[in-house]
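Next come two complexes built around subunit A: one with subunit B, the other with subunit C.
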Partner chain A sequence: MVLYHLIDGFFLGGLYVTIALGLTLVFGVMNTVNLAQGEVLIGSAYLTYTLASLTHLDPLLCLLLVAPIMFVIGYLVQRLLLNPLIPRGQETLLVATFGLLLVAETLFGLIYGNNTLSLSASYTLTGVTIFGDTVRTIYVIALVAALFLVVGTHLLLTYLPLGKAIRAAAEDPGAAASIGINVPLVYGITFGLAAAISAVGGTLIGLSFGFGPTTGSSWLLRSFTVIVLGGMGSLWGTLLGGLLIGVLEEVAASIVGPQFRDLIVFAFLVIVLIVRPEGFFGQRVGVAK
Partner chain B sequence: MQAASTVGGGPQQANEAPLLVLRHVTRRFGGVTALNDISFAVRSGELLGIIGPNGAGKSTLLSLISGAQRVSEGEILFAGQRLDRLPAHAIARLGIGRAHQIPRPFGRMTVLQNVLIPVHARRNEDPGRRRLSDDAEEILRLCGLLDRKDRQAGSLTLLDLKRLELARALALRPRLLLLDEVAAGLVGQEIEEITQLIASIHARGVTIILVEHVQAVVRALAHRVIVLDWGRKIAEGRPEEIARHPEVIAVYLGSEQGEQAPAHQTMSVSEPAAAMAAARESDSRHTLPSARATSTAAVRPSPPPLLDVQHLSVDYGKLRALRSLDFSAGTGEIVAVVGANGAGKTTLTQAISGLVPVSEGRILFAGQEITRLPAHQRSRLGIALCHEGRRLFREQTVRENLELGAVYATRGATTSFAQRLERVYDLFPVLRERAGSQAGRLSGGQQQMVAIGRALMAEPRLLLLDELSLGLAPAVVDQLFAALPQILAWGISVVLIEQHIQRSLAVADRVYVLERGRVVFCGTPDEVRAHPALQQAYLGVAAAPASPAGSPATSEHEQHPVSGS
Partner chain C sequence: MKTSPASAARLAPAATWWRSLSRLAPWLGWGVLGVLVLLAALGPLYLSAFDLVLAFTLFNYMTMAQSWNLLGGYGGQFSLGHSLFVGAGSYTIAVLLLHSGLPLLLDLVLSGLLAAALATLAALLLMRLREAYFSIGSLGLAMAALTWMLNWSFTGATSGLNLPPAATLDYSTLYYLALGLLVATTLTIVLLVRSPFGLRLMAIRDDQEAAAELGVNSFPVKLVTFAISAFFVGLAGGLIALNKLEIEPDSAFSMNWVITMIIITIIGGIATSTGPLLGAVVFFTLQQVLQNSQALSSLLTGLLLILIIRLAPEGLWPLALKLGRRLGEALVSRLDRSGSTTTATALAAEEAVRGRSTLSDG
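So, the complex of A and B:
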């Protein structure tokens, strides 16, 4: 029985990785917690929902269009709104992203109403048998997507010139600027990338659970727990943190009851913050590893 | 000034037990020893000055006393009681107040409210029925802020903010007051006013420890001065003794031993008579310390300079770091910038490379105005900055750091990437061996080589070297200086900031002496050596004649450093 819960949690953890990765990237590079991360996820789910109902295409196929759209939105938000606020300090940025959260929630409500929506596809209600345990197909897809995204982001940051510029700007924006790196542009691209990655997470949320205009915040909290556990801003930490939270949540829920899922996760977060505030796998700053 | 005589005149209570005692105090941060085995005592009623270059450990020392940081070893006693185990608020209530270098008042509150808060918080007094606001007003009267008590604190000038910072520290009615560079950022008359204020606070019986870069303040006020360097106490004595102390002069101006400058060029700075004679001679040529006037004389290169900085002012909030500064660097020149801490050297390099915004003035590079250009575009025009503290991309390899230097900054380069890489490897062969190592794992000297190499990979026309040798071993420093001729040979001009003054003068074509954001002198190295402006800028005293404390020199030199004759 416990083995089944371990397996369930492991795959659920994959989903958590995909939703937290955008937060990791933004924090690692810009040292800012994007409080609107939940809305980026839910907004992507809404976009996929619209596109899927217009074209009747598979939601995951819609990502081919939704991810680039989210990239552009993320890029523009960073360049036009957040970049000009950077000289005013971290608090200003936090408040600005909180403002984005409120605006986005309101917009979602106005456009889509307050009902809970969900995305459907042939694989949303099916399962796959792994070691005798039946795991939701969508979770398997999520874990595969998580591995692809983490490895892909790692390769981008390590080997592409753009990635090296991102790492340089993350480590020391002043030094980066003085060797000719256009730091505001790099920040814009990073934010765009984070939004595009979150489009995957958001669509997977839509396929696995329901979503409404105000469900973003709970996903923000879950993402935050993952990246604190993994060491703020660390890619591999996010991968391990996500999987660990998934397993912990499933196993503990099976023992004390599923209604305590959130309590378990956030109590664990508090303990981590007290015992090991730098997280378990962290490289302290930078996506640099 | 009379401030010195007012406070110095009181009887020294020699028999009384000291108010504050530090015994073998050591503070480590990881592997770095910020303070090493510091012992001294402060008598009740004394005014002790603590000076020393950047990184000497002065602020750390104050933090240990005030409880903001913990000692690693040793003990601190205040009126016989162990302090080093108490939390900061308990120490404050025992009667130790601290005024910070950068005032942080509650900007939205009035001046009076700002002082009332600590008055209310005070618990180290017997509860008399005296009205607290009377008390606060009296403190404001002492600090010269009474007529501004209803102003919003955020609207005060820098000088008044500093007064308010002192008033807030006083509101806790301290027996010992720790002043952390309260004169930083002030100029001229303002410095005298803050000096007088400190003197009148001291006259009320408050024991004061004064950490200060502005030497005029220390000389005017302190009974006794302790000099720190790299966490060690290197000298202790009366201010005028300290100004003549060979090791202190060596710390600030560099000394012959350990600096391989050619012997004939190294005029001994510790020979005041020679300096004075030379100063008198040179004064006939430089009657005014105006940089423009001097630099337009024979020393300025005749073709339009590669870099031309005109009337440049830079502000950090209310603190003006550079004041209408003129500066130029010609093609093929090494221009040295010298001056004490806080003189504005780093700010100058950052303004030139676009990392801090300019408030007033213009910066021209190769005839093009770049005053408002973002940093990355300036780097593409050919301005390379080698940052103080190196600021490498520590996670990336040496080779990746060098690549990053080249990828984005190269403007129509005349050499290929491979050629430039080869050039850097030839300049610093050790980098070829360590190409695959993480930059953060290298030794300090090797990191500095990577930093210079990274800047050179952009094929710049102007290289700004901010603190070339800070914290490095002499042998490494030799290697770095040996690279300079080669860098010049590639047609790159160099602006050099270097703490070893003698070394800096030995290689420079021209030298600018900065003091509190202004150019106070500009000339060839020989002219600078002969001129009192240099010692003035570092030691707050020209050529250290054997004059008693509080001589006219301390008040005169404020804006006119040339008082040698």
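So, the complex of A and C:
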């Protein structure tokens, strides 16, 4: 049934929105492509794993602690490593985030071993019936989380003083600095926020799929496909892009076989890059209203 | 301090000596390189079989990093997809050895050519993309290829292929093939980047719009660069398959290949010809010293990468040159302190005029 695949894909797309939102924020504000986004996600999943096995609390509840930890890590990475490199151009930032990717991957392997882990909760194996189709409960949770995160980020950027400072710094760092905005601080907070949002995505990955030290790059590519499709750095574009990729992957996989899931997404990424590298929807965070 | 031109020109002995040394530096570099190649060519006379295999791996690292550097360093196209060409080379030679009666060396050349052909196709797709878009696009292609190979029954899907027994070469033959490839790659790239073609390539990297206004058409230049870079990586991939004798997708198309190329190039010095060679030695030494703890070694290389990009983004080789020159100057001015006080000024002026062209890029 095509309809069932459409519904499945729609909810899977919610998960993709949560994993791509951090990348969107970092690109939209700092014009940095974070090659370590996959490791931010998987790192959060590992943190949640540790906390959940220590406290036996629900993984989603653990996020209350994991997200602030990821915020601090993200903040420090931006302040100590990435901020000083911004004047040297994008290639330097690529190398730096690539170095982070390597270090993180190795640390995961050292601490947790090379086995595939997964998070478990009462709702990981259950389903919800929607229009006659059984959707995994975790995907439904993911879609709700995605909507909350996108709307929340939008409200933050639009109405809070911090959000206005972020948008100002995104649009013109020089001008923002001249009216008294502490741009390095704003950048640090932005990366921290992106990491905290990715903590949600990472934990959802852990609940929906298995994860290991090297699974990060496949999630980086998925996140990137979403934000390229949505228009690099656009919030609403990320929402639309994520849902669209979810549907596309699910429908295409039902036709050519589930073992080609990755191939479908990566091929789609390359096609979108070639046909329309600026994406289909929306504008960058800084430029959008 | 007033200095007349006449007194500035009259240098103290040490300064004169230093000046002639820096003038000779490029030739000195070539001389050292020649001796090293000669020593390497005699390798099988004094190296054990074990050492030959180590050297084989080191040479391949150098070749691959050198090739990546042509596109990523001189061309400014930060490829994350070069693993594709290693895998393509490995699989081509395996398939040809299994299914065609062609001689082994021809198979090897064909494995490089197939990689180059794939790169041409990839370039047609990706070359419009700039910076991070290109990086991610190339990574996407490589990952797509890996997924494809994991499912392609013709090449044995996940279990891969075993090379026929006839393909077994002895260690010194493999050693010479890798050394020959390294020398050919390095010479080609060194000559290429110093040719008008190389100047066009670097002009495009530095400012594509300005280059276009001067009449440089970026597309063919990038296309050819990509193909040459992939050709040598494909050949290295073929050699790796000849050494391993059994290949499977996860290792042949592993992300680790391109990671290794990038680390080596960045550590040694991006967009220099000596950098990738030095970087490979550093990387390989670290890997060998810590071979009992693979994780520790990759952790250290990752940290080294971050440290270098943060503190000396130009890499170790340019850093070493800078330090060497500064040390030389300090030494000279100390030796000549009793002599002319104008030495330092004259030297500084000379350095300013000749800049990097003397000592760099040996």
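Assume the second predicted complex is superposed on the first by the 283 of 289 C-alpha atoms of A that agree within 3 Å, B and C clash if a C-alpha of one lies under 4 Å from a C-alpha of the other, contacts with A are read in each partner's own complex, and residues count from 1 in each chain.
To be clear about the criterion, contacts are C-beta pairs under 8 Å (C-beta built on N, C-alpha and C of every residue); 3 or more make two chains touch, one makes a residue touch a chain.
In this text, all values refer to a predicted model and were calculated from it rather than measured experimentally.
Of the two partner chains, subunit B is the only one touched by A:Pro161; subunit C is not. Using the contact criterion defined above for the overlaid structures, shared-chain residue A:Ser178 touches subunit B, although it does not reach subunit C. After overlaying the two complexes on the shared chain, residue contacts for A:Thr50 are found with neither subunit B nor subunit C. In the superposition on chain A, A:Thr124 makes contact with neither subunit B nor subunit C. Of the two partner chains placed by superposition, only subunit C is touched by A:Leu94; subunit B is not. Greater residue coverage of subunit A by touch, when subunit B is weighed against subunit C, goes to C. Note for the complex: subunit A touches subunit C at residues 33, 35, 81, 84-85, 88, 90-92, 94-96, 98-100, 102-103, 105-107, 109-110, 214, 217-218, 220-221, 224-225, 228, 259-260, 262-263, 266-267, 269-270, 273-274, 277. By the touch criterion stated above, subunit A contacts subunit B in their complex at residues 161, 164-165, 167-168, 171-172, 174-183, 286, 288-289.
Residues 76, 78, 80, 125-126, 128-129, 131-133, 135-137, 139-141, 143-144, 147-148, 150-151, 255, 259, 262-263, 266, 295-296, 298-299, 301-303, 305-306, 309-310, 313 of subunit C are the ones that touch subunit A when the two sit in their complex. Remark: subunit B residues 353-355, 374-376, 379-380, 384-385, 387, 391-396, 400, 403-405, 407-410, 454-455, 458 touch subunit A in the complex.
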